[in-house]
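These notes open a run of structures that come right after.
Next come two complexes, and both contain chain A; in the first it sits with chain B, in the second with chain C.
Moving on, here comes the complex of A and B:
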């Protein structure tokens, strides 16, 4: 028999981790062609960190994406960064890049004021790569030309330094009072499953979620995290372990032929909506979406299995064996006391 | 998207996308250097053992063998990754000295002209071991008489004098006494692998100026550099770490394991040295997500309000703590979940066993808390006769609430997120939840 069920789970996720202090730094300088090089020691793990930081730099500098080069993960050229983890990179590095861009803008204003023979306070950026005298668009300079003039006419650097650090939060060892993170992102997932009562196999039919992650810098990359995380959460819930007989350490898998994960044909329908409630402390209101996307799918799937079968399973991964044992226990309970509540608990 | 923004909020094409899909992106092990040597590790075949003797004589005769490194070659052999931010004590051995604490623990590093020669030499190292009783379960490890894994006499990480990270908020026992229902659950999760596409790797290259360039797929190049400088006892300015695009991290590339040994081998041989995990090393000896056992006891009123929660959590750190103590702290700060619970008590234990060390992984201390809490929420809903949505709306935290770790909530949107999810799946919410917001409560409002 195939039984269908729906499960819900809602989660918060604290982004950043500053129990040891959590600094990130950025340097930006202009080249002769008016390109801005953003130097970082922060690392792109494949999630699109370089792209997102390029967007934040272009926004903060008021130039086009094409005029920004993001140089990452080099300890000779990039200033210090704690690393890419704890859903911190866009939040921390983004803030550092904005701070550096503000210094760059000050340096540009100094040179433009001389070139345009205008008061610094009368100048404004148009966000399209130009600096102009407010109310007089004819008196305008390309940022690229200002950068060039700075180097060849005035002998000045167009550069900026930026840092962001949430200071170390000590933990009160008695009460646990602490401030270990920057902001809370949220998710709510609804999972639909179909359980085969003969084989114990679970087919995930859909994973549909709402996310609230502060500002999205790049919606396509946010969606990439959500879809990838839904798959990872499903994999944790139903497939993966390095110790199938935990706590017994035996039978540890050696490769992907022994370590089960869902393949392309097992991927369910994955849908999401993303809400934007900007945070007070992230760049343009960013909260971060890195880690949290694998979290809510796990309990949503486990709750859906209960809804489908009446079998409560309190351990991961939920293997077909656990489900079959749970169904057996339920049947036995029904035989002993046919009128009683037949809800069974598998595992423990 | 705010109309004031030009680029932020747009789905611009990723800058490295073309490189990824055409195979032109350079990953760490795509770097090739003339005269590059290969490093492979002799690993413990036992879960817990004393080393009587190591015989390298046959390994040394393998054609292509260059040299072996033991703990005697490592200037600062006992370290702790989080020592950089003040976490104590130093406990993990770069290369084992007299005792082996997990199956797969590194004992000897073999450097050879080819990967094949290195593996051949590794296979010819003879180990004379005295096996010791081992412990693999978090609660067994805390019982009197359990084999002791650490060098300080018990199997827990110590948090400022406590064997666990504690949170104490309100009066849990008083609230349990007046609760209408007590709901208890025990949640178990097994260890898992990060399973990134790219395995952990680095190449250390001696430069003419006396420095060492280390190409690495570390998630944190400065963290790796600073730890390497400590282990090798050399000034940080002799090291230049270069990363790039990493083929997936998920927390699996924040342990500083390959860089110190590859750099040491480059120093000793004055040649480039590559140390890259095979897939089976990644699966069997790299850090996992910890196994967890989480006991949850909730005191609930008959209308579904959770008025007390007591959580006792055990994370299986394996033989060394790596990043796990930190995960327990993050866990302790979030074991109440996104709910307003006025009385909370949490004891979160980082437990040592003779298992492969666990460490950071995506969701760090939170993923398993969310699993336990959200299954628990469904049990509570069923017991008090509410649906799974109502129980969550009733208990959702709001701005101005104080979390058990004394942090005032200022960016709650759980309610709005649940409303959006209900709309997405076409679930009709009753008006009271449809119009609820995360705005601060009025005086006296529950």
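Moving on, here comes the complex of A and C:
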């Protein structure tokens, strides 16, 4: 028999962490060709960190994204960063990059004031890669040309330093209260499953989610996190484990052919909507949307299995064996107490 | 055992490599010839990241002794990428955000090319079947399936370029 069920789960997810303080730093400098290098020590794991930081830097510098190079090459030589984890990078590094860009703009203003023979306070950025005398568009210089002049004519650097730190927050020993994060993103997921009561296999039919992630710097990348995270959550819920027959490590998977993950055949219908309530302290109002995407699908799927079968499972992954044992236990319980009100005991 | 010389066709040219017996095509392509799109994910045929075409057929190059491709035509992501711009399947992967870390992408594109060369109008089921041996850890597969569908539409009737 195949039983269908629907489950729901929600998540509030912290952006960043706070153990001994949570700093990120960024350095920006102009090259001789007028492009800007943003040096970081927080790497891109594939989520698009370099892309969103490039967008933020371009916005803050007032230049085209094509003129920004984000360099995350080397944590030995780059500015200090705690790293890319805890859904912190866009928030922390983005703030540091904006601070660094403000210093760069000051350096550009110094040189532009001399080049244009204008008062510093009369200059403005047009956001399109130019600096001009306010109200006199004819008196305008390309930012790339200002950077070049700084280096070849004035012997100056065009550079900026930026830092952002979430300070350490001690834990109140009486209450446990502390300030653990900078902001929180939210999501709610509804999962539909079909459970085969003969085999114990679970097919996930759909994962539908609503996300509130602050301002989206790059909606395509946000969607990529949500869709990929839904698959990861499903994989954690039903497939992945390094110790399927714990405690004997001899049975642990040794390679990709033994480590179970769902593939292209198993993908459910995945849908999402994204709401934007900007945070007060992220760059342009962002919150973190990374790790959280693999969270709510897991309890949503487990709740859907409960809804479908009445079997409450409290360990992961939910293997066919766990479901069959749960169904057996339910049948035995029904035999022991046949007179009980079945509507009240169903699923206990 | 003594090294031997193996010749095969790559990017329209005959290449000649000297190899120890049982050296894999993957190792030759990546480490001797510098074709770094050919990834070494698991070295046991479990992940598909090393997929290349041999005479148009998809093969996991990590399981293939290079002697077996002597005299045959090998196609990698490098050889289908035009000098200017990108291949229609690459464009479809970009349009559908079908990669994140990018490690599986060369293998995914090569298996997709093999599918579209054989079946220019694949059903969704055929696409999913074709991708079954290739692992992706980031995207959840759906964007990749959508990219292959998009590439099929983009190249429909014209045939995917070699």
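General observations
Going forward, the second predicted complex is superposed on the first by the 323 of 348 C-alpha atoms of A that agree within 3 Å, B and C clash if a C-alpha of one lies under 4 Å from a C-alpha of the other, contacts with A are read in each partner's own complex, and residues count from 1 in each chain.
Definition applied: a contact is a pair of C-beta atoms (placed from the backbone, for glycine too) under 8 Å apart; a residue touches a chain by one contact, two chains touch by 3 or more.
Fair warning: this is a prediction, and the values are worked out from it, not measured in the lab.
Contacts of A:48 after superposition on the shared chain: both chain B and chain C are touched. Of the two partner chains placed by the overlay, neither chain B nor chain C lies in contact with A:150. Set against each other, chain B and chain C touch different numbers of residues in chain A, with B touching more. Of the two partner chains placed by the overlay, neither chain B nor chain C lies in contact with A:107. Once the two complexes are laid over each other on the shared chain, residue contacts for A:202 go to neither chain B nor chain C. Look at A:231: by the touch rule set out above, it reaches chain C but stays clear of chain B. Of the two partner chains placed by the overlay, neither chain B nor chain C lies in contact with A:28.
Looking at the shared chain after the overlay, A:263 reaches chain C, while chain B stays out of its contact range. Judged by the touch definition given at the top, the superposed model places A:38 against neither chain B nor chain C. Where the contact sets of chain A with chain B and with chain C meet, they give residues 45-46, 48, 220-221, 232, 255-256, 261.
Those residues of chain B whose C-beta lies close enough to touch chain A in the complex are 1-2, 5-16, 20, 47, 82, 84-87, 103, 136-138, 140, 159-162, 165-169, 185-193, 195, 218-223, 225, 239-251, 253-254, 279-280, 283-284, 288, 291, 326, 329-330, 332-334, 337-338, 346, 353-356, 360, 362-364, 366-367, 370-371, 373-375, 377-379, 388-389, 392, 396-397, 404-407, 409-414, 416-421, 423-425, 427. Those residues of chain A lying in contact with chain C across their complex are 45-48, 220-221, 223-224, 227-232, 255-257, 261, 263-265, 267, 270.
By the touch criterion stated above, chain A contacts chain B in their complex at residues 7-14, 17, 19-21, 41, 43-46, 48, 50-51, 54-56, 58-59, 62, 64-65, 70, 72-76, 80-86, 127-128, 168, 171, 173-181, 183-184, 186-190, 208-212, 214-221, 232, 236, 240-244, 246-249, 252-256, 259, 261, 271-273, 275-277, 279-280, 284, 287, 290-292, 294-296, 298-300, 302-303, 306, 312, 314-317, 347-348. Every residue of chain C that touches chain A in the complex is listed here, in rising order: 41-42, 44, 46-47, 97, 99-103, 127-129, 131-132, 135, 137-145.
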